[in-house]
Amino acid sequence: MSAVTGPAPAGVPAAETLGARDRRPDPVQVRCAVLANEPDGAYRRLVLDAGEAARRALPGQFAALAVGEPPTAMLLRRAVSIHAATPGDRRFDGADTLEIVVAPHGPGTEWVTRRRAGDVLDVVAPLGRPFPAPEVGAPTVLVGGGYGSAPLVWLARDLRDAGHRVDVVLGAASRDKLFGLEEAAAVVGPDLVHVTTDDGSAGLRGRVTDALAPLARDGVVVYACGPMAMLRAVHEVAAGAGGTSWLAVEESMACGIGVCMTCVLPVRGEDGVTRMTRSCVEGPTFDGDRVRWDAISIGPGGATSAVPADCLGAPVAAGKGH
Amino acid sequence: MSAVTGPAPAGVPAAETLGARDRRPDPVQVRCAVLANEPDGAYRRLVLDAGEAARRALPGQFAALAVGEPPTAMLLRRAVSIHAATPGDRRFDGADTLEIVVAPHGPGTEWVTRRRAGDVLDVVAPLGRPFPAPEVGAPTVLVGGGYGSAPLVWLARDLRDAGHRVDVVLGAASRDKLFGLEEAAAVVGPDLVHVTTDDGSAGLRGRVTDALAPLARDGVVVYACGPMAMLRAVHEVAAGAGGTSWLAVEESMACGIGVCMTCVLPVRGEDGVTRMTRSCVEGPTFDGDRVRWDAISIGPGGATSAVPADCLGAPVAAGKGH
Amino acid sequence: MTTTATSAGSAGPAVGFDPRTAIGTLELKNPVLTASGCAAAGRELGRLYDVAALGAVVTKSILRDARSGRPTPRMAETPSGMLNSIGLQGPGIDAFLAHDLPWLRDHGATAVVSIAGNDAAEFAELAGRLVDEPGVGAVEVNISCPNVANRGLVFACDPGSSAEVVSGVVDVVGGRVPVLAKLSPDVTDIVAIARACLDHGADGLAMVNTTLGMVVDTDTMRPVLAGVTGGLSGPAIRPIAVRCVWQVHAAMRRGDLRTAPIVGIGGILTGLDALQFVLAGASAVQVGTSTFHDPSAPLRVGAELAQALAARGFAGVADAVGHAHTVLAREGAR
Amino acid sequence: MTTTATSAGSAGPAVGFDPRTAIGTLELKNPVLTASGCAAAGRELGRLYDVAALGAVVTKSILRDARSGRPTPRMAETPSGMLNSIGLQGPGIDAFLAHDLPWLRDHGATAVVSIAGNDAAEFAELAGRLVDEPGVGAVEVNISCPNVANRGLVFACDPGSSAEVVSGVVDVVGGRVPVLAKLSPDVTDIVAIARACLDHGADGLAMVNTTLGMVVDTDTMRPVLAGVTGGLSGPAIRPIAVRCVWQVHAAMRRGDLRTAPIVGIGGILTGLDALQFVLAGASAVQVGTSTFHDPSAPLRVGAELAQALAARGFAGVADAVGHAHTVLAREGAR
């Protein structure tokens, strides 16, 4: 329905100045009936009757779901990418729907995957910065790891409609963890969809970067969504080829709406200053060149960020702050 | 299936000596599939595939249900009377079933009433002291307030089979809150079922005691289950007529199995000494003559118990304990 | 079927009930505020609803200088609660005065500005910068942060340090706006700390801040939080917070403590939760962590609390403050 | 479809893993015990499973004389926790020695006997009555109860009172069984209390008891508990309890505190919860409130903990005690 938003931001705005140039829609909090919940490989695909939230959403944005029946022991919302927003969805009597793809990870996402048609979810959406548009005519590659491809099919359609070449690289540990293969092929054509799996159970045995490398060239704009290790590798390939990478990061979020400061990572702003930057409002999509990879450690449990010494307000060895 | 247990205890055994004479079955902890969940007036009637718990249960015992999906914010089990225990239940392919009747009161019982067939409940049962048997040949009256009649139909059947005259008095605020009318009538015959409602929407307009009074005579054994105010009134009528009352109290319980000491009320033991007595193991059924009504206050929120000055270990005005 | 939770959640207006309350000289249109660190400076919630409808917006604690805060992970979900170790990230007071305070003012919100410093002088300096700024309704002194001068011991854990910070701020503020001291529950005797603050001029108390907790990651086998320990908040701690308010209000009733308004904080998710605090002795409440669960919570709780108070026959908030003490005293008298 | 939760819940035996642990001279077959007041004296759980399979049964705190406990209501459910105000109801030590201890002994259970008194002399008297009784594996000194001699202030809130009680008990026990001091989390500095207990001869620490909380009934508008305040327990307080164990074990590692075994308590529901305590510094754990949620919890947690430790490559419990401190120190060294 909706096109990729306005001009590409030149960089990540500083936390303090965000707002002025930001054209993203305001989020709404809606109680959504579950219209469908179907398995899709290792995931569940849910369709929600989301009203205004569906009418406002743009590709790259996410939804924050309350989990557990009240009184729930799980207070924090779970962030999930918006896979599709379909105002007037013909499959569901013209309802305005949001589609999400959920991997049962821990108790919260497991609870979501167990919802049945007719159950109600409390959703805040759309949240986060939509994917920025590439320069006119730039070739694009969309790289999704696991369910990370959920937000990319919609982006692919918008980019294709805007006249870009769109290659899609889908990678996962194994075949069942691939998501969006058919949908992507339907949008960009099967030849432009490149698949890798760690175990070779589908496509090329290897990593997404093996498929990305031959597609990355000067001026390429890469959009990627997946685990942090993958994002860093994608960034390196894109940057090495003289391209740009827009990376949708997955940071642990308490609020999803910008009020708690838990979801930060160190990112250099337009002004060259590094700040601990909220991924829920300034992200989830960041310019790979601006992420302070030197301060990010990627372990088996996920990524953690140190505070770079030159970060705004970083602690100094002795005495008072800067 | 099972008969009323052994001889009537002469009184409430002291907490410390309980066990020796107690012939109740040991409880088991079982994960029970819900086989049915049907509305019944203001209540839901659930049938559980309860295996060993169903095979062991005796009338007057209760089950303690874990509530909420894990990780649940509601730690404490909810106590519900066992309405029926049917080993080899023909309606359900010979499963050993327990039937319960649940009023959606707060979040825990509401959660229970929302369970669907196939859902699983974690149940500890059978718990508590079964209804004691009356003297051979004694006339009996069973008095149930609201869902309090749930455990009485089973008792009625056993008493009838043992040759007792059994009158059943069912009372409630209004017609929809009556439970067990048809079932009781089927067991004792419609003429021996006496109905009262506060608003007159069914039966006599009035209280259960209005129906009980004409039935109460010397030697009568009354079994009652319902709110504390009703139990006290029933006790007074029974005692006034020279009868006995066995009252199943509903105290707030944290564990249901006798380990926490939250469910106590002051009860005089065989030895004449009053103790703060656990209703989950020494009860829920107590001899109305032994309950220390002088220490029990009945408010709109339920009953609370003070510690009588002559209670074992009661605090003394100054200095050390007894 | 969709309903926006913010409207669906709100109870209608409580007829004939006056929702206003006061914290010292600060009049509030209703007794439900956001909690510091759980609403940033109001702007983000402003995208979901009108923050002017809240009792007040309590800002994230403002520091003199910009601060990066701690490394990540900064949070862990816990049963009915969460741990945070943000480390007071913020751009410093200059940026606050340039960007955030004007926004709050322009949007008609009452601002209660939370301040935090490394030492008593920094607290006083911050208070001085704020007190004459239009739009500042009150200053909340977050003494639950480490005292650099005293081995990093939290100010609020020591009556002396608490008194020092509070008296410095009170001197500078000179009664122009109320000064609230925000207490930590992590003390043996909360009344002693309350006394230190009130004796040194605090106009009211905000109770409580988070309680210190920790979660160990059983996969990495180290603490989940980069900062090792963090502050526990949410409904899990509500009984602790209600108890603190009860104890301090009881001391006021007994005459052991100067009477002053208490703002109740800790695990409030519903109007009935807020009512518990009011009945225990709070004149207003703040909604913190629940905002993450339900962004509409501060607004919804206000409507629900008004309904609950009206349904119980109270004409205004003040009539209900500490009412549970009255009920208990009556019982004792019988 | 029915499965008995006790068997379904238990993980199988952890191959090649030695589940034994020790609290001073007391050898335990596994590190998971019941918590005082949450298992009575074992008999009721014995109707559900063999209590001899537990690390030990910690009894409800035993008093010299019979005590009725408090009026009701004595409990309130809270988010992921509960409040209790039982008031140490029990028949007194004579009945305990006549009925309960023999039962535990006859059933092969290790008994850790918790004691509580109105003053230090009463604690010592109780310890004296117990120490030579066969079947008493250890004495746990519940100092989280009111000190009648000191305005009802809880012993565990004051280093002096804690020391007085502990040294009196230690003198009487004379090393024949280990003496554990059970600490309250409701203090500004838990390490100071731990130090007072260890300096006066405690063989180990049990941490923590409940934290003081309160719930107001919004219908009756008075506190829910007849006793007004009560002890908060359950998963809600787990992060507080883990933090306390962490702080005390860290002080031991730093050499600020004599090294002694810690028994971790607070909100343990699963083996991974127990593992958090072990990694933070506990040599054993107790399962309290979770027993009400799941009577099989103390047994199940033992099996799950053994599995979890084995899966992480530990050969025995001792290897894992405080391991999170080691991981963190290694990080710092990098």
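Going in written order, the chains are labelled A, B, C and D, and every chain counts its residues from 1.
Note that in this section a residue touches a chain if its C-beta (ideal position, glycine included) is under 8 Å from a C-beta of that chain, and two chains touch if they have at least 3 such contacts.
Since the structure is predicted, the reported quantities are computational estimates derived from the model, not experimental observations.
A.B. asks: Relative to chain C, which chain's C-alpha centre is the most remote?
C.D. replies: The most distant chain relative to chain C turns out to be B.
A.B. asks: I'd like the Å distance between the centres of chain B and chain C, where a centre is the mean of that chain's Cα atoms.
C.D. replies: One centre to the other, that is 46 Å.
A.B. asks: Centre to centre, by mean C-alpha position, how many angstrom separate chain B and chain D?
C.D. replies: The answer is 34 Å.
A.B. asks: Of all the residues in chain C, which ones touch at least 2 other chains?
C.D. replies: Answer for chain C, listing residues that touch two or more other chains: 79-81, 220, 234-235.
A.B. asks: If I count partner chains per residue in chain B, which residues reach a count of at least 2?
C.D. replies: 71, 73-74
A.B. asks: Examine which chains touch each other and state the graph shape they make (line, ring, star, complete, other).
C.D. replies: complete
A.B. asks: State the interface residues of chain A toward chain D in the complex, per the touch definition above.
C.D. replies: Touch list, chain A to chain D: 71, 73.
A.B. asks: Going by the contact rule set out above, which residues of chain B touch chain D in the complex?
C.D. replies: Where chain B meets chain D, its residues are 15-17, 19, 26-33, 49-53, 66, 71, 73-77, 96, 120, 122, 124, 251-252, 254-262, 264-265, 275-276, 281, 299-301, 304-307, 311-315, 320-322.
A.B. asks: Within their complex, state which residues of chain C touch chain A.
C.D. replies: The contact residues of chain C facing chain A are 1-6, 8, 37-40, 43-45, 47-48, 60, 63, 65-75, 77, 79-82, 84, 86, 89-92, 95, 99, 118, 217, 219-220, 226, 234-235, 289-296.
A.B. asks: Within their complex, state which residues of chain D touch chain A.
C.D. replies: The touching residues are 79-80, 235.
A.B. asks: Chain B touches which residues of chain A in the complex?
C.D. replies: Residues in contact with chain B: 68-74, 107, 111.
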